[in-house]
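Worksheet: the structure to be examined is printed underneath.
When the chains are written out, they are named A, B, C and D in that same order, and each has its own residue count from 1.
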Amino acid sequence: MSRIAFIGLGIMGSPMAANLVKAGHTVTGYNLTQPAIDKLVADGGRAATSIAEAVAEAEVVITMVPADPQVEQVILGEGGVLENAKPGTLVIDMSSITPQTSIKVAEAAAAKGIRTLDAPVSGGEAGAIEAVLSIMVGGGAADFAEAKPLFDVLGTTVIHVGPAGAGQTVKAANQLIVAVNIQVVAEAVVFLENAGVDLQAALDVLAGGLAGSTVLNRKKANMVDRQFAPGFRIDLHHKDMGIVTAAARAVEAPLPVGSLVAQLVASARANGDGSLDHSALLRGVERLAGRKVN
Amino acid sequence: MSRIAFIGLGIMGSPMAANLVKAGHTVTGYNLTQPAIDKLVADGGRAATSIAEAVAEAEVVITMVPADPQVEQVILGEGGVLENAKPGTLVIDMSSITPQTSIKVAEAAAAKGIRTLDAPVSGGEAGAIEAVLSIMVGGGAADFAEAKPLFDVLGTTVIHVGPAGAGQTVKAANQLIVAVNIQVVAEAVVFLENAGVDLQAALDVLAGGLAGSTVLNRKKANMVDRQFAPGFRIDLHHKDMGIVTAAARAVEAPLPVGSLVAQLVASARANGDGSLDHSALLRGVERLAGRKVN
Amino acid sequence: MSRIAFIGLGIMGSPMAANLVKAGHTVTGYNLTQPAIDKLVADGGRAATSIAEAVAEAEVVITMVPADPQVEQVILGEGGVLENAKPGTLVIDMSSITPQTSIKVAEAAAAKGIRTLDAPVSGGEAGAIEAVLSIMVGGGAADFAEAKPLFDVLGTTVIHVGPAGAGQTVKAANQLIVAVNIQVVAEAVVFLENAGVDLQAALDVLAGGLAGSTVLNRKKANMVDRQFAPGFRIDLHHKDMGIVTAAARAVEAPLPVGSLVAQLVASARANGDGSLDHSALLRGVERLAGRKVN
Amino acid sequence: MSRIAFIGLGIMGSPMAANLVKAGHTVTGYNLTQPAIDKLVADGGRAATSIAEAVAEAEVVITMVPADPQVEQVILGEGGVLENAKPGTLVIDMSSITPQTSIKVAEAAAAKGIRTLDAPVSGGEAGAIEAVLSIMVGGGAADFAEAKPLFDVLGTTVIHVGPAGAGQTVKAANQLIVAVNIQVVAEAVVFLENAGVDLQAALDVLAGGLAGSTVLNRKKANMVDRQFAPGFRIDLHHKDMGIVTAAARAVEAPLPVGSLVAQLVASARANGDGSLDHSALLRGVERLAGRKVN
């Protein structure tokens, strides 16, 4: 059993920390707001009043925060993890950020004898609660092996995909493919409807052939019924498209289609659809088709 | 058992006609070249020396030809099906063409008391031989019901999706989604490789999550190994992208992403990749990334 | 002075025919509707009751009709120009159509000993009235030389750009560039406004540098004032984008940006902006930005 | 006459500083490398050994450095302009960077009683030498009025376009329009050539109509002759496309076409064309068309 510091007890972090407690680990949590810390204590964890206190005695530090600036602040910043963790500590950042920031964190940590993994997840709040996340891990093989039992507490698909940053790269690729797959299904839906086809029958046959996809299976009901309760919010996918376009640019990988879809995700948000499920990209195609969607 | 005229005994038509013979139907075939007719006779069918002769006594006429102009010629043209079939005949066009041409055929046929279905297929040569095609059918419900037993001889997924042209529309939507799903996986592959990620591990984890798709499952090995033996040729997908962009334009459905991918498919062909499997769209992304692909 | 048959006396054809009369030519006109013929007679021309009558004694036949199907019907169809014109006649089609149809017309005419030029124009109704059209001519050099004096009556920029179809190709390229130049200015306008920049000052400085264009000069006032009275209607530009994307596909020329803009033009039309000036592409960008434009 | 500190004496900064000296101002220069400082001294300026020394007695500080990080370092960083300039100093950043960084600089400066303008230029090395730059200025009206005489020494088009950041926004819009205008001309060129049109004649007629642009006028010879000596390098335009896509994202302005062209510019660079003139985007279209370009 490990002594774990858990920084960032939000929608994702809170159930993940609870699952680690349940598995028998000693989890000391820190969060910017107190109720989340109280929740962890109620779940059997311990409270810290600062990052410094949380990480002081930790063998493993897990961070789960919203975006690049928070990762930089929490890990690299004043009073942050690197200033306070002991040499040899394993810092696992499970936030979804740019691979470039993960690499920067890894290099800064290495200079202090601290080991890191980047381990973003997919599966959402439900996946966090039910401990069925997919976890894509970048970093050293030995560090991955050491962390594997912890990851297995949190998820069901846990894969080491390469060196520092690789976890983030795969997460970014995931979000890229998902957004494009949604967009093309949305284009197909409007095309089918405009042509007078029986949409439900059409999507069923499409799902059964080479056009089939997890997106089509899981999102076709949303699209047919125009029910866009999240699920995964467009606001978050917009953030992720920013990550993947920046990351691809950094490694000189062309995203002709991906960058266009990033614009369409941004447009959905600009049209007030940010809090809807990402399958609401359909509404953007409908607007282009001249339909009234509100 | 039905008396069937089968026009167009090519790579797809030949095994389909043979399967109908095997199921006990009387199949009279016509083709522009003799060897294909001889093959049908060897399979137990009958030979006709003209469309007129083939359709004269037929209850059902099936056409399976390359593209719109051949459908127009074979069905609407001089000496074609409509000139020679008896009123009441059911004409089933299983070619992949624009919905607009299918509608035109349906209207011309109706004027002569001839019934039609458009019933394009997916599944390729292997699907035709093994009788496991997906068949998307447009036309009247009663005509569909009448033809259903024949379709069941040829395929395993047989769905009535709407009025005349609807089968073609769904086939076009299928090809749209497939092309875009391939393209985005190709963009992801180059991104992952440029970032130094373990590609095989990454694609495995991607296939297991929301980014998963039949394209990813069936084509990831092609992409990892750069093995692009068809499968489904880019030349054919280029023809199909022409159909879907034209059909979408006709019904005022926007394809911002689809039309861009149509350009990339055309570019693949212009770069000499027309006879490769459509997963070779990867080579186009590699060219954009400055890699030498030949 | 020439004996000219003029087929198609619409918004463009009527003033062009009148200008030829004014220059001293004998112009016999035919149109589907009578008032346009009466107008030509009032302008000093002669009336014909059929294409056959119009072209019977003509040295030169000029056609100016809406699109490919009308050109095919008027020139190639039953009772059309090729059936009735004498061998040696010079047929000048000034409609804007696909280069492929112009080539087909040229080949059919050559088989009857009839010479052809494709000579689409730009400059709009005002250019036709004031005889300041730009005329892009495809066909034989000798035929161009023979027709040059007539073109000089109609326009101020008259250029021979290549063999049959070349005039249409250049016209298509013109419409391609214009649409894209408008679209990018529209993207810039929304960007500048969202960023709080003084739009008028910004467009003035942009117009003076490498970003300057005839589009920016002529359309910036429309955009600043949101005044979209045509001008050149989006409906017509939509037709032209259909021509250029089809023509480019036929010669395997990639239009990654052009095809995307064709989709945006189609979207403008689907949103009810078809009768506005093409500078109203700005409204499409505003919709993508979440602005209410109506 | 003003006491000016000039930080950044590169290809652009060096002739600009020299022109200010020539106009009678006292110019003290600082650069990371000594030869550029020696050059300024030879031109009649003064040398400083640090930013601190350069700005200590300055009324106006001009910075001209490559990109956002250098601006942040030189102005905001340790030992930088804000640490060393007197309250009331006017800091004019003439670098091309993101508007967001300009705004950040303006806010940091204001907190110290230092005034700022962002004043990026277009016109290139030749424009700097000949003092015919276009200068787009963001910031306060009074500060602009005060700086106007200095700008008039450096350029011929000097326009105040809005508050802090507005100069950068307009520069970004300029680069957006230029890149897209080049790209569409490149698409047109390949289309015209594939169709067998006389390219030179076609471009001449296009330049004379609504398709005309400064890009077409200045770059058509490059394209016809495939001579791509810069001019303005693709590497620099790639940097600028990064600025405009980031800036547009920040203000929620959609760039469907702009973002696609940004990908094509990046692709040109990935294909080794970074040091060519931006008109070499033609080579990217040729690659898509399957031509060998090397």
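By definition in this document, a residue touches a chain if its C-beta (ideal position, glycine included) is under 8 Å from a C-beta of that chain, and two chains touch if they have at least 3 such contacts.
Composition by chain, UniProt nomenclature: A, B, C, D = 2-hydroxy-3-oxopropionate reductase.
Given the structure is predicted, the values throughout are model-derived calculations rather than measurements.
K.L.:
By the contact definition above, name the pair with the higher C-beta contact count: A-C or B-C.
P.N.:
More contacting C-beta pairs are found at B-C.
K.L.:
Using mean CA coordinates as chain centres, what's the chain C-chain D distance in Å?
P.N.:
38
K.L.:
Would you kindly tell me how far, in whole Å, the mean C-alpha position of chain C lies from that of chain A?
P.N.:
52
K.L.:
With chain centres defined as C-alpha means, what is the inter-centre distance between chain B and chain C in Å?
P.N.:
Each chain's C-alpha centroid was found; their separation is 37 Å.
K.L.:
At least two partner chains per residue is the criterion; list those residues in chain D.
P.N.:
252, 254-256, 260, 263-264, 267, 270, 288-290
K.L.:
Line, ring, star, complete or other: which describes how these chains touch one another?
P.N.:
Topology of touching chains reads as complete, every chain touching all others.
K.L.:
For chain B, which residues count as touching chain D in their complex?
P.N.:
256, 260, 263, 267, 270-272, 287-290
K.L.:
Could you pull out which chain D residues touch chain C in their complex?
P.N.:
For chain D paired with chain C, touching residues are 99, 122-123, 134, 136, 138, 157, 159-163, 165-166, 169-170, 172-174, 176-178, 180-181, 183-185, 187-188, 190-192, 194-198, 201-202, 204-206, 208-216, 218, 244, 247-248, 251-258, 260-261, 264, 285, 288-290.
K.L.:
Per the contact definition, I'd like the list of chain A residues that touch chain D in the complex.
P.N.:
Interface residues on chain A, with respect to chain D: 242, 245, 249, 252, 254-256, 259-260, 262-264, 266-267, 269-270.
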